[in-house]
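Chain nomenclature is as follows: A, B and C, assigned in order of appearance, with residue numbering initiated at 1 for each chain independently.
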Amino acid sequence: MKLNLLTTLRESNPIVLNAANFVTVQDVANGLNAIGASPIMSKEIDEVDEMVQMASSVAINLGTLTKLQIKQTKEMGILAAQAQKPVVLDPVAVGAVKHRLQTAQALLEAFPATIIRGNAGEIAALGGFDWNAKGIDAGSGSGDLDEITRKTAQKLHCTVIASGSTDTISDGEKIAHVYNGTPLFQAHVGSGDMLSSIVAAFAAVCADPFEAAQTACLVFAATGELLVNAHREVGPGTFSMYLMDYLAKVTKDELTDIAQFD
Amino acid sequence: MKLNLLTTLRESNPIVLNAANFVTVQDVANGLNAIGASPIMSKEIDEVDEMVQMASSVAINLGTLTKLQIKQTKEMGILAAQAQKPVVLDPVAVGAVKHRLQTAQALLEAFPATIIRGNAGEIAALGGFDWNAKGIDAGSGSGDLDEITRKTAQKLHCTVIASGSTDTISDGEKIAHVYNGTPLFQAHVGSGDMLSSIVAAFAAVCADPFEAAQTACLVFAATGELLVNAHREVGPGTFSMYLMDYLAKVTKDELTDIAQFD
Amino acid sequence: MKLNLLTTLRESNPIVLNAANFVTVQDVANGLNAIGASPIMSKEIDEVDEMVQMASSVAINLGTLTKLQIKQTKEMGILAAQAQKPVVLDPVAVGAVKHRLQTAQALLEAFPATIIRGNAGEIAALGGFDWNAKGIDAGSGSGDLDEITRKTAQKLHCTVIASGSTDTISDGEKIAHVYNGTPLFQAHVGSGDMLSSIVAAFAAVCADPFEAAQTACLVFAATGELLVNAHREVGPGTFSMYLMDYLAKVTKDELTDIAQFD
């Protein structure tokens, strides 16, 4: 785990281009800003090329896409792949909604994702495994998540993150886990989307997607844990505000002290 | 008033499908999540059928609709009615903007709403009463709100909530009132939209729309009052964060202690 | 500087119509509400005429516009100019994205802006000056900002605000500065967009755009400074919540005490 990447990220302030969903977009922008990246969002196909050229990485979120936005998002992914910029895909609700799964599959045929970040239900659906997903939530599947994550990574030729109370990360061979966190991440709707874009920020400053994914998951999860340790009384609303404060101020040493991973 | 419904809601975690406006959508999602429901949002007509089937209830918000979204929203309402799932309609700004009123009327001709939740100006407009509405705000009308609410419910064959410092609820015959609350609800733009979707969450776990409406209004208003009693210094920003915390932790007993309704 | 305008604004509660971007729209709505204005948002061309008539001023934000929205936004500006209502333009990212610059220029050919509010990189781009803008951020240009602001105002026949740690305001002849503020404004993504709409709220209650611009900048910047003085521990997340509280409660006397401008 290279926590030095956090310093690199803050020093280089990479531009992360987001195809964001309209539910959580403000959290995503502020989360990127807080951690030290520079967010930019677009919904218009005519500006995609220019924005991909300017960006260091791209985060594509499938939540609330319309037909027009799917077209723009596809173009964004294709241009990013041509420019060899890392692409993170967040397949919101593909575990529960077939239309979303088909959209994700069509996009992944059009361009390769560097990293895919979803909950267990979403990753299982992409990998073709049975899982009892529920709406935007992970649901109640009970398969072997290591196996599912690894196989999905193999199938889609990328790094896969199945995030949750434990984050499981695989590049198709290696498996890593991040054990830090707090249930309050699940209590706030924007957490997963924010993590996906923060993964893109780390991928912008690290040539190895597996390492970028691991580090991003640890920084995000441990930051949440640190803030809950310091503010025991927080609920989902105050947690989401403190999370921005802590993403902006957390230090490598504080993270190292509580990091739990393998 | 059946405050037991709050326990039922939290235990069954119903999926509430939202046609949300882009201004307040994050608050709506987080409010639903906090109270114990599972929010899902969509803007694409091709996924509406699947989502209606998966959802326990539907909340349709007219704020910031475009032509394309009106089409999708209409389909959502028609499919929900066919599937006999409760539909809550939030007619944002119909009191002040004729185009919005016409949109609401066209939608209500296409499918029946189970419950309509608006401020006094919006409900008066739907019922055909004079009222001096102002933008998205209730405005300064002075009609008999009981009469307006009851008549609007009769006209539209549904339960109607005119929410405000006092919430007035009618199914066309019975009238109920909720007297709890705090002026900070009006000071935060997302409050009404959040209430509408929370009404949909209660309608998902209660066969009687009038009872669902009453209980949702009481839980929401009294939760806000409880938090202001505990944090006297809050303004509109901190209120909105604490509201999520309190929606997540408020108990039936705490609500019973301060409930004021008839 | 006429801080009395704050009282006028709160007493008249002007409706500000916003063509908002989807990233920061909730902050914009809540910021307007907190300061004492009545926000309304629209994305549909069919309701623009009615909304312009009802509004006291208009704020047009170029962030995340699509082709359809550019069309609607153009109509909004033209109708507002015809109705002689003040129009504030926020040219998000025109310093870094040519497509955005062309969009801004096309809009400014279709209707005159009363006030333009951007960061240094955005104002420089509109004025045709070299500046090293970065994404949505001001970037690292080092030109004479007084000169750039004045010349851009002359070129576009309007009042121009280049906001930042110091705000520079010019009507093409006079130059004003506001020195209040806190770096936390830059740490929160919605700050600039919120300021633009608050400028529109002041323009709704003040016939002189230069004076409205100055006062809005001072009220906004000094309110942020006041809150940081009172809550030394805030980071970007808690700052954004307290900002709403303070915009709602700040008094003319508190602002006068710390105001720094020329």
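Following the convention adopted for this analysis, contacts are C-beta pairs under 8 Å (C-beta built on N, C-alpha and C of every residue); 3 or more make two chains touch, one makes a residue touch a chain.
Since the structure is predicted, the reported quantities are computational estimates derived from the model, not experimental observations.
Both subunit A and subunit C derive from one sequence, and where they touch, under half of the residue numbers involved are common to the two copies.
The best fit of Cα atoms from subunit A onto subunit B calls for a rotation angle of 120°, in steps of 5.
Centre-to-centre spacing of subunit A and subunit C amounts to 32 Å, using the average Cα coordinate of each chain. Residue positions of subunit B touching 2 or more other chains: 22, 26, 240-241. Residues 21-24, 26-27, 63-67, 93, 96-100, 134-137, 187-190, 234-238, 240-241 of subunit C are the ones that touch subunit A when the two sit in their complex. Residues of subunit B that touch subunit A in their complex: 13, 15, 20, 22, 25-26, 29-30, 33-34, 38-44, 46-47, 50-51, 54, 68, 240-246, 248-249.
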